[in-house]
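Structures for review follow.
Two complexes are shown next, each including chain A; its partner changes from chain B in the first to chain C in the second.
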Partner chain A sequence: MSQESSNVPQVTLTIDGRSVTVPQGTVVWKAAQLAGIEIPIYCYHPKMPPLGACRMCFVEIEPMQPPVAKPPQTACTTEVREGMVVHTDTPLVQKARKGTLEFLLINHPLDCPICDKGGECDLQDFTLRYGPGASRFDLEKRHFQKPISVSENILLDRERCIACQRCVRFTQEIAQDNGLIMLQRGFRTEVGVDPNAPFDSIFSGNVVEMCPVGALTAKSYRFVTRPWELRRTPSVCPGCAVGCNVRVDVRVDRILRLTSRTNDDIDDGWLCDRGRWGYEPVNDPARLRVPLVRRNGELHETTWDAALDLVAEKLKATVVQYGSQAVGGIGSTHTTNEENYLFQKALREGLKTNNIDHYHGRFPAASQGAMPWVFTGTITGIDHAAHIVLLGADPYTRQPVLDLRIKKALRNGAKLTVINPEPARIDRLAARVWRNTPGSEAALARALMHVVLAENLARGDMAAGITPDYRSRFQNDTPERVAATIGATADDIRALAREIAGSDGAVILYDEMTTRQPGNETLAADAFELALLTDHVTRPHAGVGPLWEDANSLGARDMGVLPDVAPGYRPIKSPGMDYDAMLGGGVRALWVMGANPARHVDPALLDKLDFLVVQEMAMTETAKRADVVLPALSYAEKIGTVTNLERCVQPLRRALTPLPGARADWEILRALATRLGLNWAYRSPADVLTEIASAVPLYAGLTRVALGDQGKRWSFAGMPEVVEVR
Partner chain B sequence: MISEAARERMRATVAKYPVARSALLPVLRIAQEEEGYITPEGLRAASEVVGIKEDEVEMVASFYAMFFQKPVGKNVIKVCTSISCYLRGCDRLIKQLEDGLGVKRGETTPDGAFTLLGVECLASCGTAPVLQVNDEFEENVTPQRAAELMRQWKSEQ
Partner chain C sequence: MAEQMRVVTKDIDVPGIDTLAVYEQHGGYQALRKALGMEPAAVLEEVKASGLRGRGGAGFPTGMKWSLLAKGSPKPTYVVCNSDESEPGTFKDRMLMEKLPHRLVEGVLISAYATGAKQAFIYIRGELALAARQVMRAIDEAYAAGYAGKNIMGSGHDIDVMVHRGAGAYICGEETALLESLEGKRGYPRLKPPFPAVAGLYGGPTVINNCETLSTVPAIIANGAAWYAAIGTEKSKGTRIFCLSGLVNRPGNYELPIGTTFRTLIEEFGGGVIGGKQVKAFIPGGSSTPMLPADKLDISADYESVAAAGSMFGAAGVIVLDEDTCIVGAVLRMTEFYRDESCGKCTPCREGTFWLVQLLERLEAGHGRAEDIDLLNDICDNISGKSFCPLGDAAATPIVSSIKLFRDEYIAHVTQGRCPFRARELATAGNH
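On to the complex of A and B.
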């Protein structure tokens, strides 16, 4: 339960003879749900305000002053009262439900045998449970052209629609983006799109999931299966750093769809289209199934033993000939924590090198207990933020479901400031939009601190300790100096500084990759310091930090896939080479796991390596240049954990039978470690997690059981003891 | 074409309301006065002036029957078909107008002079049957009065 609810008075009522206690303001439907009593609904959706349009959720509520009898009332719009007595199964309620269903079925085609929704359809289920067995309507039903395409990915069968408006309200009120609309009125009402405002929202797929009937269907799922043929496994979306909870629905050996597995703390029940329909690489028939080795310039198929022997031999030979400095490894922001942990361990212990890194934003080393790469707030904290500052971040395209959180905060009254070189969809809702020159974000953060110090606006723990020396630190970073590159006036910048400093809760977010822009070398530290000075680091509904790119970007850091720290950010005495140094000719042999450096550096640099081994699912640009390619499994075929952008460690479960021939990265690492002379006895990623939990203070106490279905967040408060390694 | 003057009137209308979107209906009326019906340009103008998305404007415009979705004639004749007018002979009245104007209910005369519509209650049940010509009421419309009205309308063309 969130911190708010503890202050709300509780109300006790009786539903069907069962006593239920719920917070004041709860609607009867929700109270019944908590008591385990089903009240059928169509228009109501727990994540949206009540509408009361479909008339399906009638209940009888005993009058406060008998004998004034009351007609049935809608459970979705009626708030609970102390002592309320509700009946959900009286003859009057049964009659009302039958009546509503008979009307809904007047125009419904009853094409269930060929409808994709058949088997998981609320109209089908509720008709079976509460409906009339027959219809008295013997006239012609409505007919439409079917189906019509309402977006690139979604089809609409208007005959099946019961006009509940869930989809329209989602696109208009939750996504607040171009979406579906209700056209006409009365019996002519239909769902449609405005031809001038195409339904191109990245959140479009949610309407398919919300549709209580088969009116809205995904093109990718049309006529491919029946729901009872699916095997359903809880997992985590691999699409970005938000880590939305999903259910992976599999038939035989293919993923057929991803659906939301509501986690109120993370996704709030929504998915973006990129995540929802991004499973094709897993099903791709072109996936790698057999290890490949390069002979005479061409990659040839070989056996696992031959490939692994060759890799170990080449890596060892390079170390023998040129020393440990000549080998290095690039880890992954997509693979699990367990695999990244094993990867750095194999390099550090097996090859005695600290040349370990992955592609990431630019962050300073930890100091004085601060880890500027950690988002200090929480995703749910954004809901009630007073001010959100996007400093070179565009969640809509990069971390989409977070965009819905920001819109939720705006509905709750938050103010939004967008500073971005490019136009973004969220601009429309912002109170302030500045078009800055790329790379000027850090300078803006410093100018804001200049104003905070010059006008004595500092608050919190930092305010007391401001020395004259410190005060002069940002002396030269005047708003006047940065105004032109920020696309605002010096007065605008002063106004923003005052607002942040006076805000009840400001959330300051920047994209991980914005820190890579020349000029933003110190962005992470500057943004963190700005939040410290204005007391937004640990305040509720506030926070500062990066928005990561990939599903396990933070996990890769946590696991020490970095040249200068061991797992848990323990500094290392003799740091190794970083990403650019290794690829820029620093090493002779490179070991790449689930990464594609050919996308980030000149691919010709990879050709200069003496030896390149790549663990990968598909033939990427990097794999094409490798000497050995080891086929790896996807997130859906293995177990492990990933860590999202707010430090929540979440479990992946095996949803799909592993692709024959390919192996999980942790299995590949174990096999190579053995060949490198390490004595590893891990039977499964669960054993690795046990080791992580004891070796990495941030992950102390985490076990697969403790993680449950929805994961656990590690606390950034209290930097672990600084233990020097090597 | 939505003229600059009309846009100015729309902006002035929006300024009268504490919440801009409350002005949507009167703003759409201005758009319809300007172009005869709600055109894509009218939708866009309303969306710009009120500051809401165009698809939201279309939801409202298509919901209200008094906003026309397609071009109408110079004169719009709305005949009430609700209960009081029905009991007082609106079916006969519509038949008489259809024959006299040479169009069916819902159609526009080929010369673009008249559009004949059946509409729901015009809130004048005490004087049924009623019709409106360009929003002006004609009450207690007897067959004689209807014939006279048609002569008058045609003479004004």
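On to the complex of A and C.
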């Protein structure tokens, strides 16, 4: 993350006698924090420019004697200087802090005992540490109706607000979205909503987390607990492929909230509402707790042993009767790497079949050695991209926190091109928006390559090797031919090609599922090749690749839940059936782990199977059609790892006592493997990861210890073959 | 009666001087013509040499301000005229805009030429509807006559001038809040640095000057820096328009050479205090400047002397408080103003002014306590120097300066359990 800051000159200063060295441009508050010195503050937020509004963070800077003595300065707005001498605890500072706290409290209700923030409130804490013992204010406080609803999920108690503007600035400067605004002025100041723009942002929950007091509260969290009753466990959001780092706060047997566990490399400290408030399925009382088997057309409760015996028996019998080709498995984009690894291993070694797949976008066969499906850049690399091209991708709705990353890049001066059949919220910030016909994205990529070749704009390693033969490949993909379906003119397309080819760093992203549109069969390869020709594959602040759908979409691939490759993309001699082939009547017995094919194919196809076993948390459409349903645990009740869209392998920890009756997928797999005659000695997912780290070159060395708290990216060096153009 | 010295307000009483034709007959736009014949740098030098200091309150040397503009910025340079005039006790800019709009427009054009700005904005306080209409009409006339717009007076220079009307906030007179407001945002003051001269309006280098300051520029160019610098005192050059208000017989605007005494202003021009009463105190520069006792009436009204006496020349809004004026009541009125006009960005000013008003109300009503007086002082200490912008300091000023001078009156409110002046008023009313 600090690859930029390493070039910035360092400055050494003294704070309370401690010497601190920080990059030039750092503010005194931050320098003190790095030195382990607390300076109380409200309005400052590390992700936003200094504001200087709360007047809490006073410090004195030498010289403090007349004639040049200055009044106390705010540490959040004062940049460090070489040799600066700062004092954070002088009588003047103490008085100024007491003054500000007394001001803040004259209109703040003393309702801490019933306030949800009590116990983790900056106003409460700083008042205890730095405030006056008693207030001299003995007059009428300001009153407001309490609370008011500012959005579907958030309430505002206006009299608790200290007007620090963190929330308002987040919505205006970070989310750049419909949000909160400051209303009125002076002592009448309040936070509110623009009557013409409801606060309907998918990032709304961040303002609750940022509020230093109890003014903004989540409806879901109001009056449900006190913060000291919570057990807090670091984890990873299961909501999408971004993999934001979360802290899961649990009381007894329920998740009560998710908060950000800032990982600057991934989430920059933000969560989206889908992730933040998406924990209800875990708490859902209707979750499966007992194995079910179908008897006389109905699912009936049974014991684990009976259910597992039946599954093993049926799968083995199918193999005996119809051969290994008759069984198959559909793995999960939600379960862990360890579980997906065991899943394919059970199928490959226990049932001797390669009929293994999961629901995913359309990419060239992994076994062919070309692997254009991995985003070649990094999330932080996007920060300083010069140009971002969204080619049939809408991160705001699909990978939301990435949308904030893109906005950050735009604030840093990036240019945005959006090519999308549907209007999207980000359009407003784009320099160029084209409304294309679905499925035309691949053709556009080829037309762009046509221009790059026709105008000799190719760069990088590729440029030298362009043969006449190669040149002729995109001869027919003229901009004129695609213009109509792209919603742009041929000249517009030419201009875009020139811009990409000349860009210091272009990030080209498409949604995984856009590749499934008819017409986009080659989108992944075409987009990759475009980046290769214009030298954006490995350049800093550039990259090309898909935006995956789920928290472990990439992990499922990495772990070889594919018909034609073993874990780490090692080709397999005799590939099995893919997802569509298996479901389209290719197999008689299907083993599904944490997936819901009824969502993607005609559910009636599932009824045609001789045998269907489903490992699931809830009664999904697929589970309803199963012969055996095995109740599984959620991400919050087990350990393991997941891999996000930029290849970062991150650990999940157990935040919640497992639901009685249900079992983790890896436990279910282990029990079944034993019944399939495999001799597995894994005691926990940690043992599985150890095996992966030593047996799968792509994950070499990624042990539990190596991953630490915030994960590690796997490196392309572990790929089995050099990436080549088709 | 003594004569005013009409430099900025020259010809103000000439009928029709607000029209282009009459303004031109009286030498209008000749200064612009002269400036266009000079190098911009020479115009700037002239203003520098004149010793002109800003009339908006802070008294910063105008020529120096212009020369601090960032050079080589990729963004355009702007000139912004601050006509937000909202300081209690000031009403000079309003008069200039209503009666002499062309002089302001001419001054703005010359300043833009000198600073290399192609776009100038005149930000006019929202309530001043007539002033805004007059200035807009003058701008239209100037465009039609080729004084503004493309290729002004055939010089090859383009300068556009535009009026922006405020939405009714005192804080928008503070230069950076003004810029925010001009950009269409909420009027909150900005963090400095960067200063407007480096990154102001839309991030471009920006000169912000008061309406009177810019209206003075044509006279300086027309008559020369030396002529202007000969007026006033050694360090404070030129004339000022004193806004005289309070309990005097002839309140109003008086343009006088800097260095005139306050007594001359009040007695000779203002006709003395109504009813021949005594001056108890006066505020020399608008409500944000500390009040001075009557024994300071003979000081020279210039930046240095007023500072030496313990106050500030500010915007030359002279408010006279007579012997029957209740200091606590007057201070309460001013403090209410600051409470209502605080932008609310920073804690001390937002919350402190709310508290101060409540305490002063209690004192004025006769329910105060002796400790309240020191509490007022201490709250002021927690506001001044601790607030984000000078409005907070200004809010503390009337209180601190009046307690210093008239603590007895505050105490009397406590010991008598009522306002002594209100009681007297009621008593006299009963005699009639």
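General remarks:
Note that the second predicted complex is superposed on the first by the 708 of 726 C-alpha atoms of A that agree within 3 Å, B and C clash if a C-alpha of one lies under 4 Å from a C-alpha of the other, contacts with A are read in each partner's own complex, and residues count from 1 in each chain.
The working rule: a contact is a pair of C-beta atoms (placed from the backbone, for glycine too) under 8 Å apart; a residue touches a chain by one contact, two chains touch by 3 or more.
Since the model is a prediction, treat every value here as computed from it, not as a measurement.
Per the definitions stated earlier, placing chain B and chain C onto a shared chain A by superposition produces a clash between them.
In the superposed pair of complexes, A:107 makes contact with chain C only, with no contact to chain B. Once the two complexes are laid over each other on the shared chain, residue contacts for A:197 go to chain B alone; chain C is not touched.
After overlaying the two complexes on the shared chain, residue contacts for A:679 are found with neither chain B nor chain C. In the superposition on chain A, contact of A:467 is made with neither chain B nor chain C. When the two complexes are overlaid on their common chain A, residue A:96 makes contact with chain C while staying clear of chain B. When chain A is checked against chain B and against chain C, the one touching more of its residues turns out to be C.
In the superposed model, A:71 lies in contact with chain C only, and not with chain B. In the superposition on chain A, A:182 contacts both chain B and chain C. Among the listed stretches 22-30, 40-48, 94-102 or 148-156 of chain B, only 22-30 clashes with chain C once the two complexes are superposed.
Judged by the document's definition of touching, chain A residues 181-182, 184-185 lie at the interface with chain B and also at the interface with chain C. Chain contact summary for the complex, chain A toward chain C: residues 50-56, 58, 71-72, 77, 95-96, 99-100, 102-104, 106-107, 136-137, 139-140, 142, 162-163, 165, 181-182, 184-189. Listing the residues of chain A that touch chain B in their complex gives 168, 172, 178-179, 181-185, 193-197. Taken in their complex, chain B has these residues touching chain A: 40, 43-44, 53-56, 58-59, 62-65. Across the complex, chain A is touched by residues 169, 171, 186, 191, 339-348, 350-355, 358-359, 362, 375, 381-382, 385-388 of chain C.
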